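Take a look at the structure set out below.
The chains carry the letters A, B, C and D, assigned in the order they are written, with residues numbered from 1 in each.
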Amino acid sequence: MDLLQQLTQYAFSGFSTGAIYALIGLGFAIIYNSTGIINFAQGEFVMLGGVLTYFSLTVLRLPYLVAMAVAVAVTTAAGAAFERLTIRPLKSPSPLSLVIITIGGSIFIRGVAMLLWGKDTHALPPFSGNDPLTVGGASIMPQHLWIFGITLLIIAANKFFFYYTISGKAMRACSHNRTAASLVGIDVRKMVLLSFVISSAVGSLAGIIIAPLTMTAYDVGVMLGLKGFCAAIIGGMSSGFGTVLGGLLLGLLESFGAGLISSGYKDAIAFIVLLLILFIRPQGLFSKAQTERV
Amino acid sequence: MKRSAAAFCLFVFTVAWATLCQASQPIRIGALFSVTGPPSFLGEPERNAAQMVADQINKGGGIKGRQVQLIVYDTQGDATKAVQLANKLIKDDKVVAIIGPSTTGETMAVLPVVEKAGIPLISCSAGRKITEPVNHWVFKTAQNDNLAVTRIYDYLQKKKLTRVALLTVSDGFGASGREQLKAQAAAHGIQLLVDETYGPKDTDMTAQLTKIKGTKADAVICWGTNPGPAVIARNAKQLGLKLPLFMSHGVSSKKFIDLAGDAAEGVTLPSGKVIVADVLPASDPQRKWLISFVKEYQKLYKVEGDHFAGHAWDAMMLLKGALEKGDDTPAAIAGNLEKTKEFHGIGGIFTYSPTDHAGLTKDAFVLVEIKNKDWVLVK
Amino acid sequence: MLRVEGITQLFGGLTALEEVTFTVGKGSITGVIGPNGAGKTTLFNIVTGLYTPSSGRVFLDGKEITCFPPERLAPLGLVRTFQNIEMFHQMTVLENVLVGLHTRSRSGMISCALKLPWHLAEERRLHAEAMKWLEFCGIADLAELEARALPFGNCRLVEIARAMAVNPKLLLMDEPAAGLNSRETADLELLIRKIRDTGVTVVLVEHDMELVMEICDAIVVLNLGKKLAQGSPREIQENPDVIRAYLGEG
Amino acid sequence: MKRDYLLFLLFTLVVLVAPLAFEGGYLLNVLVFMGINTMLAVALNLLLGFAGQISLGHAAFFGLGAYISGVLTANHGVNPWVALPIAALSVGVIAFLLGFPILKLKGHYLAMATLGFGIIVFIVFNETVEITGGPSGLTGIPTMKIGAMEFQGEMKSYYLIWGFTLLTMLLSINLDHSRIGRALRAIHDSEVASRVMGVNARFLKVQVFTLSAVISAVAGSLYAHTMTFVSPSSFGFNFSVELVTMVIIGGLGSIFGSFLGAALLTFLPELLRVVQDYDIVVYGLLLIVMTMYMPKGLAGGVASLARLLRPAKKRTVDHAQG
């Protein structure tokens, strides 16, 4: 394998893990944009997607597609319930207490999943075939193409929703100014609920399509959530391409770091680069600077 | 005069009563397992097996007529918690011996505590430094990593696959394996071309494998526990890596074959005999125990008993042996443990001595290959 | 006292201020007026170092202070108040004013943590000084109350006391009368005069024309980012450009 | 202000007497760890509660303190009493240099950057096997000694650690009631206004970040010499989050709140052992419920409870008179 082939493979690997991070990051960005909440339970939605599909497949013996639908539905219901029971009753929560509440939520969801489905790791069957595709001496799995495709689809759906539907526009209005939004008759609380519904659905979908590659277990949410959070931050918390670029950048840094420098330090390398980026551009890589109003 | 006589009577009475009570009181044994947390794949089967043995002992009338009470605490794989809980077992629960913890890191943390309190500890983790140097109070049942490494290296040497790439997980298990792999390489004439690691929660190792593919390595040795090695097997298949792939005993359970699917075919690894019990020659002295252990465990917990469960089984049985031989004071237990000879356990045949608290030889491992989703002994 | 020279501020394609130049005399009360969006607050933000102007320079007492961050301006004697009162809500009124005395005390982290003797002496001096400024603004009785519990009018006074504690030479007030009732405005008028009488130069942005005409010695009128006129209240009232700007082209 | 010092005096007395009730028991052990956690929570509170700057990487400073002290004493034979200040000082320098760029960030960017720093340090602990012993940990760290007295055994460790913890609390209370404390709280409420008042917000934030890191490092060093063993798993992301939780559950900006938060989170696992496997679920639920219904944390909860009781007494008096 010559160097060029190796580099191509690193790029492929980086893109494919990066797409996973991006997909998870999108869920963070959606909730953040309409509520200002950083939902640390987002990773658990991802976990629920994968684990629920596995159990619908094996225990309930449902067909693959139905199992997926069940998983998305149940996760979405969990997301909605989480918002209704913990976020909505608060009158004027501080951002920090919201952080703790979502962390509590993630611990709770993880615990329930562990009790219900045990601690084992499981693999889902791939959507279409298990034979790698080879391009220019480098290879990827068909499942990676699914991930790329669905990520693009979700971004497109997002764009459409946020820019061309009434609810989407209303959600954007909430993110800019909640008081003003409520004054023009937008039901802000409904929009918050909606954002949790959307992001838990997106999260569970992500969990399902990555599970054939990364496998799933009750505790995968932590690491995936962390990486998704980073992707969203680098992307400037945008619910579009910013986050995708953030995710891809993170993935590429990891794979080139592991391949060319040191695999032990690959996460450290990725984070050092990210820190440097933040130091130079404190408002995120892909967002415009905002001036503070006094 | 009268008063001191009364006091003496009271004293005698108290002592007698206390002795009486003690006879009917259960023997308290502590256990520290990482039932949750990252190493729960170790802790859960260990707890199950330990509980299984305790129940069996009690059903069979106990040890010398006394019931056994097993007190299990979950350390969550955290060394700080392990130390706290060891203290709790010693001070509040007043146990006579402790089995566990599940990982080398936790065991090393607990070591000073049991040494100071003078309570025997039978660790279920593999790290070599637990029993080297020998500590009077500390024993272990998990096979030393170095024995597993020796098994692989012997085989590689025989097959003349001397250029090797390492891919180890960056946790206690992987670090300890990596240390042994590096230490023994020269003695077996093995040249390490690549020394890469991956994180315990990583989901894609194609980058490391690509690097390995770019070298002239003859074989890849991966040291880790599920699910990482399964991902590596799949990634290797994806990249079309044709090199023979060796794994550690950390994945010698059916779970690995489930997770890796087709990619598991042809993977070779050292393992305790438990997973291949049914294909062992009838002459193997461990066979009988192994088969009954697997059966009973399966009956109780619906999954196949693996060799992690075996570590706890061995620890409990060793303890039982020591208790049957003498008193239930910690000192007597430690003394009798040290005198254990040829105990046929799950992990191997244990013979402890004042200079050896690990008790196993490299015969504890067999080399197996995965063929048609099952284990085959490699001769 | 204060000289602003050719200040231009662009926000993207929008010109918020264009070539604004004026001077504020020592010991005067100067009003900056203009319709909404004229660039008054932007001008304040530039002078007080919160924004960096696209071009132009600012001088205090002949010394250039363009682009100085606010924490460097305070020791030079330039302080401002805010339109939507930036109180320290979680502190008492007294503590709010004590923060104003920050630049006039020296104790570092170590002597504060160890309560060294000179730090204690300094604390006593600061408390006395803070009380003096609360009395100056007539709110000494509120000292121990929590700032968040105060009615709006009192907040304004606390903010002024806090600013005065910095010992300013030049005090910029951003719409001090906004949200006050007529009695409070009358009190404010007296207070601003009192501040001037202590030797502090005052510049204020204000919409309350009555107040501006009453107390200002000089007025600068901004419209659409440009300086429209400058002069005494009487001159401004008679300036046809100003009248047109305020009443529209009609 | 007086009240804080009275409370502190009372608290000190309780701390001094408490172990006599638990002598020889396991609970004394928990109290030792509670001391370390309190110290860490108070340190983080200086940053989070006073200056309003979040850190999701504070376990790294704790870990650096523990490892620097541990490596120096175990591998190089340095006296623990010398290692402790070296650890504190080097962590201080690291935090100071890191503080300038990192504290320029705000909100979730700061959260992410501190988190990243924590992960980098965690990886370094794991990977520098020759120095730190890697994932299996560092053994052979000596205990602290004064003359012939060795701080071994729970009772002595307890007094050693709580001595440092009480000192930390006292210094923090002092700081709270000084110009630095006021300036920090001012930054928290309105950074713009505090800067206009001449507070050099950036430098002050860096200073308090450094102080907080130094205290955490001291706690780390004490931890290493009490446990005589350290491994990376004690200094990961989870512990950073746990520290933030302690501070928030305890009550932002309240020194005694930090103690309450640390005490609760140290004790909680002991209490939850009753529910066994369900502990993680109950733990998550408790975090949610407490944050929801006690927005000002335990300190705020205790204060409002006191307020509730007071008028009640008055009411009964009124009733009696009526």
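Quick note on the criterion: a residue touches a chain if its C-beta (ideal position, glycine included) is under 8 Å from a C-beta of that chain, and two chains touch if they have at least 3 such contacts.
Small disclaimer: the values here were computed from a predicted structure and weren't measured.
Asker: Going by the average position of its CA atoms, which chain sits the greatest distance from subunit D?
Answerer: C
Asker: If you average the Cα atoms of each chain, whose average lands nearest the overall Cα average?
Answerer: When every chain is reduced to its C-alpha mean, the one closest to the whole-protein mean is D.
Asker: Between subunit C and subunit D, what's the gap in Å when you average each chain's C-alpha atoms?
Answerer: Those two chain centres are 40 Å apart.
Asker: With chain centres defined as C-alpha means, what is the inter-centre distance between subunit A and subunit D in Å?
Answerer: Each chain reduced to its C-alpha mean, subunit A and subunit D end up 32 Å apart.
Asker: Rounded to a whole Å, what is the gap between the Cα centroids of subunit B and subunit D?
Answerer: 36
Asker: Starting from the mean Cα coordinates of subunit B and subunit C, work out the distance between those two points in Å.
Answerer: Chain centres of subunit B and subunit C, defined by C-alpha means, are spaced 73 Å apart.
Asker: Give me the residues of subunit A that touch two or more other chains.
Answerer: Correct list: 114, 264, 267, 292, 294.
Asker: Going by the contact rule already set, what residues in subunit C reach two or more other chains?
Answerer: In subunit C, the residues touching two or more other chains are 50, 82, 86.
Asker: Do you know which subunit D residues sit against two or more other chains?
Answerer: In subunit D, residues 123, 126-127, 192, 277, 280 touch at least two other chains, as defined above.
Asker: Under the stated contact criterion, what part of subunit A meets subunit B in this complex?
Answerer: Residues of subunit A touching subunit B: 1-3, 6, 9-10, 12-14, 16-17, 20, 114, 119-123, 130, 132, 134, 139-141, 210, 213-215, 217, 219-220, 222-224, 254-256, 258-259, 263-264, 266-267.
Asker: So in the complex, which bits of subunit B are touching subunit D?
Answerer: 35-36, 73-74, 77-81, 83-84, 87-88, 90-92, 104-105, 108-109, 111-112, 127, 129, 170-172, 174-176, 179, 197
Asker: Could you pull out which subunit D residues touch subunit B in their complex?
Answerer: Those residues of subunit D that touch subunit B are 24-26, 29-30, 33, 123, 126-127, 129, 134-137, 139, 154, 227-231, 233-234, 269, 273, 277, 279-280.
Asker: Inside the complex, what are the residues of subunit B that reach subunit A?
Answerer: 36, 38, 40-41, 44, 170, 196-199, 201, 203-204, 206-208, 210-211, 213-214, 226-227, 230-231, 234, 237-240, 255, 258-259, 261-262
Asker: Which positions of subunit D touch subunit A when the two form their complex?
Answerer: 48, 54, 101-102, 104-109, 111-113, 115-117, 119-120, 123-124, 126-127, 192, 237, 241, 244-245, 248-249, 252, 277-278, 280-281, 283-288, 291-292, 295
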